Each structure stands twice: as structure tokens, then as C-alpha cells.
Amino acid sequence: MPEAAPPTAEAPAPETAEAPAPETAEAPAPETAEARPDPVHLDLLDRIERALPGAVIEHGTACGELVIRVTNPSWGPLAGVARSDLECDYLSFVSAIDWAPTPRDGGDDAGGDTSAPVQPTEMTFGVAGSAGRFQVFARVQSTARGWGATFKVDVDETNPLVASWVGVYPGADWHERETWEMFGVRFDGHPNLRQLYLPAGFEGHPLRKDFPLLARVVKPWPGLVDVEAMPEEAAAVTAGGDGAGDGAGDGAGGGE
Amino acid sequence: MSTTEMPSAPDFELERSAMRHLADAQMNVELDTGDMILNLGPQHPATHGTLRLVVRLDGERVIAADPVIGYMHRGYEKLTEFRTYPQITTLINRIDWLSSFANEVPFVHAAEQLMGIEAPARAQYIRTILTELSRIATFVLFLGEMGLQVGALTPAFYGFRDREHVLNLIEGATGGRFHPNFNRIGGLKDDLPWGWVSETRQVMQLVLDSCDQFEDLVVGNEIFLSRTRGIGIIPGDIGTAYGVSGSNLRASGVDWDLRRDGVPYLAYPDLDFKVWTHAAGDSFARYWVRLQETRESVRMVLQLLDGLPAGPVMAKVPRIIKVPEGEAWVETENPLGQMGYYIVSKGATGPFRVKIRSASFSNVSILPWLLRGVYVPDVVTILASLYFILGDIDR
Amino acid sequence: MNAVALTTLGIEIGWGAALAIKTLVILLIIPAGALILGYVFLLKMMSHMQSRLGPMDPGGFHGWFQLIGDGLKFVQKEDLMPDGADRKVFAGAPAVVLISTFLVFLVIPMGPDLVVKDLDIGVFYALAVSSLSVIGILMAGWSSANKYALLGGLRAAGQLIAYELPLLLAVIGVVIQAGTMSLNGIVVAQQQQSIFGIDWIGNPYILTQFVGFLIFLIAAQAELTQTPFDMPVAESELVGGYHVEYTGFRFLFFFMGEYGTAFAFSAIAATLFLGGYALPWVDGDLANWIGPLVLFAKLMLVAFLMFWARFTFPRLREDQLQAFAWKFLIPLGLANLLVTALFKVAF
């Protein structure tokens, strides 16, 4: 059943779930102008509730955009509902989020790189919450009515599986292939789930947080090294290490 | 646990209606010949970059086509998880490299929304001007280069020549022709240089003349018309179901432009402009719509120059940009179509997850459906008319 | 270039020397013609039409040495053959194309006596021999072991055969008006006939056979596989079509064959429609001296038109191309033939 997010009907401030994504002040322009007033969000939620009772677990707004989390079994029928009841004929994208914390080592941090952003180490979830590590999210829009909504669905961590939207939105074909390839989420009903970007037979799912950014594992961040020695010093070092020509180079610009 | 499965061979279907459409171009006696598999790409003049199209041909007719992408996949979404916001603007410049200023705008806008900052009015106007200049630069090249794909050698040179003027303008303002990296969170890096406004007015007149020249040279050419009319028709509802956006969708009759219909962004609410559509949905319609949109962009730039407000170009932002926790989705009408960024932030100096929704990815995903039953030369025409950029597909 | 011509210069030569001179001239005329056409039209005229300069450095003055340098470069390249190619056919294809071009020049008169052999069936021979190149193209397309080449070769076969007929029909109108198939005879007829009494410009058949001239130009454009009829070599699709696997001097043969044939067709058009080497008031020995120059000037005019169309128009798709030939050009040519025959009988 729909979780009780504060159902402010008329308040101009956007409705916020108590999820750990409090809306700090967003840009005033999208709220006040004719873009996305609250009545539209309520209307959409209403239509979903009528078409798929009990599908919506939670909803929230991401800087004025409606985000709805639905149950896993209702993801399949949701495509048809979005197409017909919500009049959303346009599929923007289907992708996934991995809520596991960004690793510090094995990630970009090989060798003590200090420039990469430091992300929190606990797993927290975003707008409309989440039940676990993986979520599939998709956005549909209506070209005629000018509204849109982002839908999120939880997928099981050990066996990520969710229904495919290909029957309703043929464009979901490639999006779901990419999501499977990058996150490992399988789409039930997809005709041909195979690699899209990566070579066939690639092992692993790159966008998962436990898949390291290989560039930094193979080779340390060049910005780590100290300033390269001035040419005279470098020459002196090379001349000093006369016989060992190749070893003498490591004093000057060792990060080469 | 899901294992990496070996991909099976693509499963092609035969559409009888597509075959009937070509019946009068064939001989009545069907010779019983085998099919040929032809690889268009990844190195091919017609595929605009490293796109590989595996087509199964019967003579000169395509039975099925399977695009293979990923030759330019740079892993941007993974990279963004390890970069700070200013570092990311450098990366995303290079997604659609023909209109690179326009790539930065939705990202920076999303970050500003999360931070609660609004860029000053002058910065919004200059951003809009530079976005429209990028649109003009991209479209002028398209007008010339589609002629080249259809076989006319000359329009391509005119396209490059006229684009140079616009690139000079962008370079004058930002310092970079292709990758300006000019947006900052909160505004822009710098103000416009002296004399830039008057020079822009002159260049806009030049662009209008150039559009007239293209209309004479290409649109008025009977051979071009016979090569593009009726080729590659995308019905409006199929287009939206695939996620086709931008001029491609408007050429199919769908009246939808994010500058007018979406969440207001930049200076577009202040502008008075027309959204061009065409009912046919074929390759000619896509060419024609882009031609008109180029002219419309020129008018928009002139309006913006007239209404350019004074003031600062940068809002007050902290030195180290830390975006508060939250999620934001911003979509814009980029030259190639709808581009959007879904930023998930956890309060660090860099995002937690960025989903980059690029236009060409969806535009190209319609190819397996669209290319059934067309001739090989029509494949080239259709690819040219959809106008995708490989960096935009592969990110 | 027979013994008569050289005796006017006061030199006595035997038939052997005459034969040698003729052979030498023919052998040189193809590369020279290809070079001139290629440089003037392809490199310079096309560049200026596209608001750029073209080669400017090689040779100092506007890059005149560019094509010669290119030729030298081609000659010293490695001779590659694709692995699965049929070696003999692959090697023979460029030779067939080039030989057919050489053979055309045997009948083109550059002066009243400056013709290698003035055949009575000159026009018929020229057209027949120029269609030998179709075989060469098919050989190239088939033997390259490359799907793009195969597609190009097949397209070429259909196209070139289809456009032979309009070519022929256009020429027959001229033959009817001149009353002879010999090219020298046609030139003389143009020089000496008159149009309804006005005879100071002779009777260049372009005036009465303008329809035929247009058809000839269009069909010649198609025979040369030049845009708008360059489906076999569609640069942006087949990357080169039937000659995509050829490099080095084999490609040089194709290049020379293509531009040499353009030269030849321009010369034939100039001869048939513009009066060839003849100026109406010039006769005798003077005609022998200035004949080649006059022919060259007229030929360049025709080539200018052909190349201008090449750089401007997009290309027609194969089925559109065929429809254009069979459904439009051939009926038009037949109509032209009918009208010409009527006029010939009536007047």
C-alpha cells in the first residue's frame, strides 16, 4: 500500500518522503512556473492506484520530478499502465542503481589518490527509498500531456530479476541489454539479452560498485607523483648513475 | 547468480509488408538465391564513426540489420563515480562532440538544483546563446553532410565552411572550438569578450544566407528528393515507443520540444520561437525540419542578444563544491535530441551515480525496425538523416 | 598521322615508322588526357567550386605536378592482392579497362589527316569498343573476393549495359544527319553543310541534335560511372565499389582508364556534336596544325559540363537509375531518332 509520505495537497513546497533525501532548497524556477505543479503528481499517483492497486510502495520528488517505487511483481504490468492510463507514450530510459557504498580501495584509490571524492561508507538510499542494494529505475514521459514520472523497483541482490518492458516499449530492448550488461539484472521476457557495449563473453558487470575502475588498478594516478625534477637535476641524476642507464631514471618523474 | 551467457545469434524476423512495398521494384520471377551478410563498419564512411551494422542482404535489399555499438564506449557512468563535479564537466563535453557546450548544460543545471543555487540571469542568457550556437553549428554541418552521404560532394564543404564561422564565435567566447568546458556550477567561467555581440549578429546573417544556399542546392534538387522522400518513415507512435527524440521525432509529426514543453530551463521561457514539425516522417522531413530549426535558432540568438541582461556571470558558490544529498533529473533539448542526467548525490564532492540519458542511443535503437526491407543505398540515407554521434551512443 | 600528313612537313617516312609514331601517340594520349582532365577538373575546378584551393605546392605553380607525383607514388607501391582473389582475373581486369580506352582513340580524328585509322564504321567501332570496359569492371568486382566489390561490380553491370542504348540512339541521330559513320566524314559534314542556308558556321549537330547531345552527355556520364550515376563506386557506401581492393599501379590503371575514357567520350562528343577539329573557314594544311588544339578546346568544354554535373548532384539509386534509362532516356532517344529521320527525308 502507498506509504504515507506527507500528502501535502496544496502546499507549494514539494512533498518530501522521510527518506534520507531531504529536499534542500531547489531552484525556484521549476516549481513556480507552469512546469510540474503538485496536482499533476497526485493525478498520476491516483491513476496508478486505480489501475494497479497496491503497486506503489513509496513516492517522492527529486527536485520537482516525481519518483515512484513500485513492487517487483507489478513492474511488468506497470509498462502497460504507463502507456495507456498515464498516457506516457515516450520511453526515456531504463537503468539501474547500485546502492552499495563506493569502495575506497580497489576503486580509484589505488595508491592513495586524494583527489577522488570521498563517499559515505554506509549504504543509504535515495528518493522513495529502497529495499536493498539494487534498484532498476525507468522514466517515461508523455509528449502530448507534458508530464513524466520516474519509476523505481527493487530487485533481489542474489538473483536480480524483473519483468521486461519490451512488449510495451520496444525501445526498452537496448536499455535493458545495457542494464543487464552493466549491473547483471536479468529481464524476464526480453528476447535476446546479450552484450551491448562490451565484447561478447565479457566477465563481470562493470557498473557494480565492487567492480574496480580498472584504469587505476593497472596504473596509479599520474597526479600522485611529485613534481618532476628540473632538467639539470634529471641530467645530473642520469649522469651520476652512469653505468645503469635505465635505473637512473626513477629519480626524475617516477610516475612516467 | 546470473552468469555471463554467450550471446546467441540475432533473431531476425521478416516483415511481409515491407517486402510487398518493394514488389514493384523487383522482377516478378523470384530467383532462389542465398542471403549475404555484409558488415557496414566499424570503419565505413557512412556510419559516422565506429558504428557497425551487420546486415543480411538479399541482393540489394536488407532483410535484417543488427547494429553493434560500443566501439567508443568510454565508461562515462563509471568514471563519474570517481570524479568531482567540475571534473565531470570536462568529461561530458565529449559525449556529443559536435555540440559540446550543450552537453554540459543539463548536468550543471542538475547540480545547481541540488545545491539550491540559481545562476544569474546574464549567465542563463549566455548559456542559451551558446547552446543555440552549438545547435546551429551541428545542424549546418548536418545540412552539408547529408548531401555528401547521398552522393553530392559539394554541400559538405559548404557545411564545414559555414560552421567555421560559428566555431570561431564559440572560440571567441569560451576559448575552445570543440570542447569549451565553459560552464561552472553557478554560472559561467567568464563574461563575453568585447565586440562579440556585434560579430555574432554578422555571423547569424551569414548562417541565414547559408541556409538559403542549402535550400537551393540540396532541397531543390530532384535527385535528392527522389533519394530521400519516402525513405525511412518513422511513425510518430513507434518513434516515441523507441525513445526517438529531437528533430527526428518532430519530423514524424510529434509536436514536442523540451524548450517549450518541458521544465523551463535557461532563458527559453523569455523567448518567442516556433517549433517546426513535418508530417511525413521520412528522411526528407528530417532534413527539412533541421533546416528550419537552424533558421529558428538564428532568430532565437538574435532575440537573446537583444535582451541580454547586464550583471554577473557567476553566482556565489563555495570554493569546494559539495552537493547536498538528493536526486535530480534534468533533461534538455539538445541538438541531437533529448539529453538528460539523473544525478544521485550523497553529499560528497562528487556524485554517487549519474545516469546519462543520451539522445543518439535511443535514436539508433530503432534501426533494426527501420531498416527492414530497404535497399543498401537507403541504409546510408537513413543513417545520415537520423544524425547520431557515436560518442552520444556509446558514452 | 599517315604518310600523307608527314610528307606535308617534308619528311618521308616508311610504314614502320608511321606505325611506331601512331602507337606512341596513342599510348601517350591516354595518360596525358587523364592528367589534364584530372588536374583541371578534379583537382582545381572542383576545389574552387567548393570554396577551397586544391593542391598548391607540388611543382610550385598551383600544384600542377600533383597528379604526376601521385602517378609516381602509385607505381612504386607494393603489389597487393587479396588472399582469396582470383589472381589472373584480378590482374587482367585493369588491363581490359585500359585497353578498351586506348582502342577508342584509334578512330578519333584530330585533323583531316591526323587519324590513326579512319574506319568507315568509326562511330560503331568506337561505341562497341568502349563497352568492353564493362567486362573489365565485372572481372574486377568478381575477382576481388570482397562483398563491397561484388556489389559494385553487379551494379556496374546493370548500369553500364542499360546506358549503352541511349548512347547509341543519340549517336544514330547524328549518323542520319551526316549520312556516314566515319568520324572524319561526320566532321567534314558538319563543316561543309549549312543550316537552312546559313553556312558560315557550318552545321554543328548540337544545334539540330540538341536532344541527342543531352542524351549523349547523360549516357556518357553513366558510362563513366560518374555522379549522378556512380552507384558502382558509391564513395559513401561501397567505399570504392569494384576497385576497392586495388592499390598501386593496378589502381593507377583504373584511374587512367576512368579519366582516359572521360577524355575519349568528351572527344567523341566534340567530334559528333561540336564539329571536332574543324573550324568552318579553315581548310587544308592549316587544319592539320590547329586541328588538335581546336579539338582539345571543344573537348574541354564538354568535359567541363560533365564534371560540373559530377560535383553538384547527389547520386541516383540503382533502381531509379535503371528506371531513368529504360523508361525515359530510351523513349526520348527513339523519339529523337524519329524526328531526325523525318526531317532528313523532308528537307
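Letters A, B and C name the chains as they come in the text, with residue numbers starting at 1 for each one.
FYI, a contact is a pair of C-beta atoms (placed from the backbone, for glycine too) under 8 Å apart; a residue touches a chain by one contact, two chains touch by 3 or more.
These figures come from a predicted structure and were not determined experimentally.
If you draw each protein chain as a dot and join the dots that touch, you get a simple line with two loose ends.
Put simply, the chain farthest from chain A by mean CA position is C. Relative to the whole-protein C-alpha centroid, the nearest chain centroid is that of B.
Per-chain Cα centroids separate chain A from chain B by 23 Å.
The mean-CA centres of chain B and chain C are about 44 angstrom from one another, to the nearest whole unit. A separation of 63 Å divides the Cα centre of chain A from that of chain C.
Those residues of chain B that touch chain A in the shared complex are 1-2, 4-8, 10-11, 69-70, 73, 75, 77-79, 81-84, 109-110, 112-118, 237-238, 240-245, 249, 254-256, 261-265, 269, 324-331, 338, 340, 342, 344, 346-350, 352-353, 355, 357, 361-362, 365-366, 369, 394. Across the interface of their complex, chain B is touched by residues 20-30, 33, 35-36, 62-65, 67, 89-93, 95, 97-98, 102, 107-108, 115-120, 124, 126-127, 137, 139, 143-144, 146, 150, 158-160, 168-171, 173-175, 180, 182, 184-186, 191-204, 206-207, 209, 213, 216 of chain A. Residues 46, 49-52, 147-148, 151, 155, 227-228, 230-231, 234-237, 239, 310-320 of chain C are the ones that touch chain B when the two sit in their complex. Residues of chain B that touch chain C in their complex: 25, 36, 38, 44-46, 60, 147-154, 157-158, 161, 217-218, 221, 223-224, 226-227, 375-380.
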